[in-house]
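Next come the structures, one after another.
In what comes next, chain A is part of two complexes: it sits with chain B in the first one and with chain C in the second one.
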Partner chain A sequence: MAMIIINGRAVECAEGTPVLKVAVDAGFDVPFYCFHPGLKIVASCRLCLMEMRSKDPKTGEMVWSPRLIPSCQTPARDGMEVRFDSPNVRQNQRAVMEDYLLNHPLDCPVCDQAGECWLQDYSMKYGNALSRMTEPKTVNPKKSVGSKTLLYQDRCVLCSRCVRFCREVAGTNELCVIRRSSYAEIDAFPGIPLENKLQGNVVDICPVGALLDKDFLYKQRVWYLKTSKSICPNCSTGCTICIDHNNGRVWRLRPRTNRKVNTWWICDEGRFGWKYVHSNQRLLAPMLKGARVTWDAALAAAQQLLAPAGKAQQGKGVAVVLSPMMACEEAWLLAKVVRAAAPQATLVTGFVPKASADELFPVGLTDQAKAKFIIRAEKCPNRCGVEAVCKALGGPQATFADFLAKAKQGTFALAWIVGGYSQEWVTRDCSDALSKVSQLIVQDIFPSSLSARADLALPSCAWVEREGTFVNHAGIAQPFDRALPPPVGCQQDSQYLYRLAGMEGLYRAEKVREQMLDKVAELRDLWTPPAEARGMH
Partner chain B sequence: MAFEPVLSRNFNVPGSQSIDVYRQRGGYRAIAKALEMGRDAVAEEVKKSNLRGRGGAGFPAGTKWSFLPPNRTVTYLCVNADESEPGTFNNRYIMELDPHMLLEGILIAGYTTRATIAYIYLRVEYHKAYRILQKALEEAYAANLFGKNILGNPDFSMDCYIHRGAGAYVCGEETGLIESLEGKRGWPRIKPPFPAIAGAFGKPTVVNNVETLSCVVPIIDRGAAWFASIGLPPASTGPKLYTVSGPVKRPGCYEAPLGLTVRELIEGKDFGQGMQDGKKIKAVIPGGLSVGFLTSDELDCKLDFDDPRKYGLLGLGTAGAIVIDESVDLRQVLMNIARFYSTESCGQCTQCREGTMWIYKIARRIASGTGRLEDLDLITEITATMGMMTGRSICGHADGATFPLKTLIKKFRLDFENYIRNQKGVAEVIAAQ
Partner chain C sequence: MAWQVINREIAAAPADGKPLLTEEVKAKIARFFPKYETRRAVLIPALHVVQETFGNVSYQAMKEIGEFLAVPPSEVLDTMSFYSHFWTGDRGRKVIVVCRSLSCQVMGHEALLEALRRHLAISEHETTPDGQWSLMTEECLGACEHGPCMLINERLHAKVRPDDVARILADPNCDKE
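== the complex of A and B ==
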């Protein structure tokens, strides 16, 4: 550890951390653009300059350096004394802010970034109200740099974060800086548009409104958005994300900094993987033998189906397929409900969708330990969690493949099957095997051949409408919040399971988790990434 | 005592570009001597000569070499031949008229620093110098002066490549040069690490100017003591190739010991021989554009490493004087300078990228006849917001821009005020609008 003095206040930090990061983490107001904790330091925006106290070689006295020093490029050393509040430093901040706005179009009213723009914030804090430039502005072009991203070069501050991201994290090098001087622009190399699988991050790390997400363009003013903390359900990495929503709709997803899991990034698969939530194809009401029924009728029917099957042979003929898309709490509740009626019911970890291989970034890397980001081949968030729940509950268990094999032999009289996938998942094999099961309860987001022939089909909610805990591939358990209410007519899955389990009141993931703690060790250490200081995320 | 030419001694010899003529005149004697002396002795000799870099900054060459880490395995030598400072063409003379002197300097420096590859980073516009250097290099390879076991020495092998730039002023900055050499955009790097620790391709690298390396040859050949006796010791030792351009009778490149005054360079019979057709000097840029301006009253400024600072200049620079006579409209001078530095700014640091362009826009407006008196103060104020010397930029480009701009306005303020009061634009500028 090192102790450094910033603006006269002692701050403790790890030796070698950039002074800028130490200062911002400690709550000091230091403007900057080019620094990003996940990227190489270039010290080019020259906004974070500071003064440092050092020994005068002639007199041996400690004096403030007349020269300004970039704080991002200076590692903290024990006993160092720096300041950001001297007239010289302030004068530089004002001058740089004036420079940034010389050629900026000041089109905040039509800019998507307005409201979360560093240029706006810094102008208010460090800038001038009026520009002293009377000449015409240099106008740099607007262009599309990829199928998902727009670049408004006239708003760019040339911090080069996006260029460094493509180089250092994605490893695909699509972006570069072309031309010189005030005409310098970000551009994609000819014939190599920005199409890598992490490209959405360049929009997030752009501190101004230069890089824009075409999907979000002109959709919402950011100050109307409400943010919920969630986990991405698209693969077993379990990236922490922010869901930005308004008026009952999701508008965009952003990464939530998480040093243990996804650092600062998410992939495009996750970023744009929420569209199905607002699909008009969703199953929105419980269906009893193909006919729409009320929730009360549906839940009564579920109990009526479970009771006789559970009585025969202590319920050996009953199976419950717990989807790896479910949260731990939901899996626990459902298993409990089924086991209450059928104590010997078989617990099955549901279908695990898989891609061919993990995708490592920077691309071309093969060593997982060196990867800066990994998109996992396992396309579900909670296989580990569901397996842990099953293990904790004991009793008869089966893998999904075993379950299908046994089902084919007609072992099961009743199966409660949970889907919850964003895409069609029922294969021919699966539906063939399940045709041998005499009674089916299906709980899913979308209608399928399975739900069509089910005795009882229950609508399931998408993850943005639920709360619970996912355990990722590495065994890290992370809770996620509910962002939206369920669609009209639906209930949160856990809410009706709650009722079936005979519990009262509203479902809270926490309450269920408390019951689980003794049994499911994986949930004892919940990991919620600490909130990072502004700009360090 | 007449000065005996050192660096330019072969310039007027017929066939001076060929290895045979160079050898006849004592060439490649120094490298043989250096190989006999051993690395440490050569390094010591260069240090003793107090040779300071001729590229503009004037950093002691021997000290620069000593920064290399002792346990290094690979070392590169980069020869800065990206001579793009306006008004400067002494490197061009060396490369076009005595290429083998440069190659011998490269050999001695390479031997001393244990470099295995030397890259000559050549300004792309120097087509003739490229052809001549290429031919000289082929001759040198044929004579076993480059390649494996040079001159039969089992301990010294070095290759040399000529890399041509792509026309960027900022690639004359040593780390910009290295980036460009590596095939990247020529953006100067942040320091530390300095090139001596992690330079080209991440390896310890020495970057020296063409003239600096050329000076190493006579230092080894004739000794450090002799070299250090030339010029104004102890700070400014050795000969220097001065260039002078503008409306003088005899513009060109001339050699003299360090410490020549600007007046001598313009009027001396061995140098510029005075102004053409009775033209009168208005201003002189004595050392490459970046150092700033002298008025006609300041011609006694000595061109060494110390004196120019007393006149508010950046330093000696490259000792390439540009003379401006009274018929020139200073507003056009201002505009040209501002345009040069704004278009050559690499675009990395905000103040330099935006500030230089802003100044250019103001300068263009002044030249078009709509200047305001406060513009002069504004330009001066903008120049104070940029530069490496105050820590506001990564490289010295912004300093190079501020010195000519602020000295021009400071020293010729009355002229500018008169221009602005008259409000008559420069015809060409108005026509171009």
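== the complex of A and C ==
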């Protein structure tokens, strides 16, 4: 531990932490561009300069250094004193800001970044309202640096965060700085565009409106967006994300800093993987034998189907397939509902979609421990959670493959099957096996051959419309909030399961979690990453 | 101009499949390997070798240098474009370098540059269609007391006034001492 004095206030920190980080974490408002906690330090933007008093190595006396020093590049040492509020520091901030705005087009009214732009914020706080520049401004070209990303060079502050990201995290090196000084630009080698699977992050870390997401471009002003905290359901890494939405629509996903899981990044599969939520192909109403029915009728029918099947042999002929797309709470509720009617029902962990291998970044790495980011091969968020729920409940269990094999032999009279995948998942094998099950209740987002022949088909909601907990590949349990209401005609899955389980009122994940706590050890320590100071994300 | 977008998904020039860097050029570059700790450190000497051989360093050449030295092409471009000495496109037989540093600026380098642009009908870092002339600017040429000055290849022309341009360029020996 070290004690340093910032603007006259003593602050405790770990020895060697960059002074800038110590200051920002402690709540001091220090402007900076080039520093990012996930990237190497280059100290090129010169906005974070400070005055520093430290021990003179020759005399051992504490002396103020004669010039300003970059705080991002200076490790905190016990006893040092720094100032970010002296006239010299202020003067530097004003001068540097003036320099950044010399050639800037000041096109905030048509810039996507407006409202979350560090250039805007710093200009307000540290800059000048008037430009003294009378010469014509340099006009730089716009570049399509990749299929998903646009670069407005005019707005760039050349912090090189994007370049360092491609080199250090993605390991794909697409971006570079061409030329130098006032001629410098960000660029990609012609014909080798920015196409790595983490590239959306360069838009997030660009502090200004230079790098733009083509998918989000001109869609929304950011101050009209509402943000909900969620977990990405696309693979078993379970990255924490923000869902930016309004008026019942998702507009973009962004990473939420989480040092334990995804650090500062998310992959493009997750970032752009939400489009199916607004597909017009979704199941939107309960269907009883192919006919649309009310929710009351549907839930009554579910009870009527379960009751007789459950009576025969204590329900040995009943199976419930809990999808790894479900939250723990939902899996728990459904298992409870089915087991209440059929105490010997088989609990099955549903189909686990898999890619061929984990993808490690920087690209080319093979050592998982050294990876800065991993896109996992397991393309679902909660296999671990669903397995834990099954284990906690005990009784007959089966893997999905076992279940299909048994179903093929005609073991089951009734199966309740949950899907919830963003893509077609019912294989020929699966539908063949299930043709031997006489009664089916299917709960899914999209219609399939299964839902078409089901006795009862119940619409599922996408994860943005639900709340609950996912347990990731490493056993970390992370809660997620609901961002959108279910589409018209639908109910949150947990809401109708709640009713079937005989519980009153509105579903709240927390209430169900309380019931699960002493059974499911995985849920005892929920992990929600602490909010980080601005810019440290 | 305003909405022109350069598309980096498209290669600069379609490769014709034939490698530019012949074994001979590669051997010349490889001669630097023992002098440096890493291959990537040989990047600058390699750029010199290639420019000496072909007169410029084309995008195709950058890619091949990158492959040879295990440096990503974007980093070759990054390093090479830092130095105005290297040319991506064709360089004229005579390269005019106008000084843009302080003394020359004060003495009227802008008017000189404008006269050259008009005379040759090209702008900075461009080459005339007949391949005779290229134009560029540089920092201090070390002849500050004679501003504004310019170099034509290796020869320094001092105190050049805009209306001297036509006369100087008409001299076939303007680039020789």
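Keep this in mind: the second predicted complex is superposed on the first by the 528 of 537 C-alpha atoms of A that agree within 3 Å, B and C clash if a C-alpha of one lies under 4 Å from a C-alpha of the other, contacts with A are read in each partner's own complex, and residues count from 1 in each chain.
In the analysis below, a residue touches a chain if its C-beta (ideal position, glycine included) is under 8 Å from a C-beta of that chain, and two chains touch if they have at least 3 such contacts.
Just so you know, these numbers come straight off a predicted model, no measurement behind them.
Asker: Clash or fit: chain B and chain C on chain A?
Answerer: Result for chain B and chain C: clash.
Asker: So, A:D99: does it touch chain B (first), chain C (second), both, or neither?
Answerer: first
Asker: On the A-aligned overlay, A:I231 touches which partner chain: chain B = first, chain C = second, or both, or neither?
Answerer: Once the two structures are laid over each other on A, A:I231 reaches no partner at all.
Asker: Check the residue A:V177 against both partner chains and state whether it touches chain B (first), chain C (second), both, or neither.
Answerer: Both partners, chain B and chain C.
Asker: Tell me which partner A:L440 touches in the superposition: chain B (first), chain C (second), both or neither.
Answerer: neither
Asker: Which partner chains sit in contact with A:I69 here, chain B, chain C, both or neither? Use first/second/both/neither.
Answerer: After superposing on A, A:I69 lies in contact with chain B but is clear of chain C.
Asker: Counting only touches as set out at the top, which of chain B and chain C does A:V89 meet: first, second, both, neither?
Answerer: neither
Asker: I want to verify the contact counts: of chain B and chain C, which reaches more residues of chain A?
Answerer: B
Asker: By the touch definition at the top of the document, which applies to A:L333: first (chain B), second (chain C), both, or neither?
Answerer: A:L333 sits against neither chain B nor chain C.
Asker: So the two structures are superposed on chain A. Out of 98-106, 116-124 or 152-160, which stretch of chain C collides with chain B?
Answerer: Once both complexes are placed on chain A, chain C clashes with chain B in 98-106.
Asker: Check chain A for residues that touch chain B in one structure and chain C in the other, and list them.
Answerer: The answer is residues 176-177, 179-180 of chain A.
Asker: Inside the complex, what are the residues of chain B that reach chain A?
Answerer: Touching chain A: residues 168, 185, 187, 190, 342-351, 353-358, 361-362, 364-365, 378, 385, 389-394 of chain B.
Asker: Across the complex, what residues on chain A touch chain C?
Answerer: Going through chain A, the ones touching chain C are 139, 141-147, 150, 173-180, 187-194.
Asker: Quick one: which bits of chain C touch chain A in the complex? Just the residue numbers, please.
Answerer: Within the complex, chain C contacts chain A at residues 1, 3-12, 59, 62-63, 72-75, 77-78, 81-82.
Asker: Which of the residues in chain A end up touching chain B in this complex?
Answerer: Contact set of chain A toward chain B: 41-47, 49, 65-70, 73, 91-92, 95-96, 99-100, 102-103, 132-136, 138, 157-158, 176-177, 179-184.
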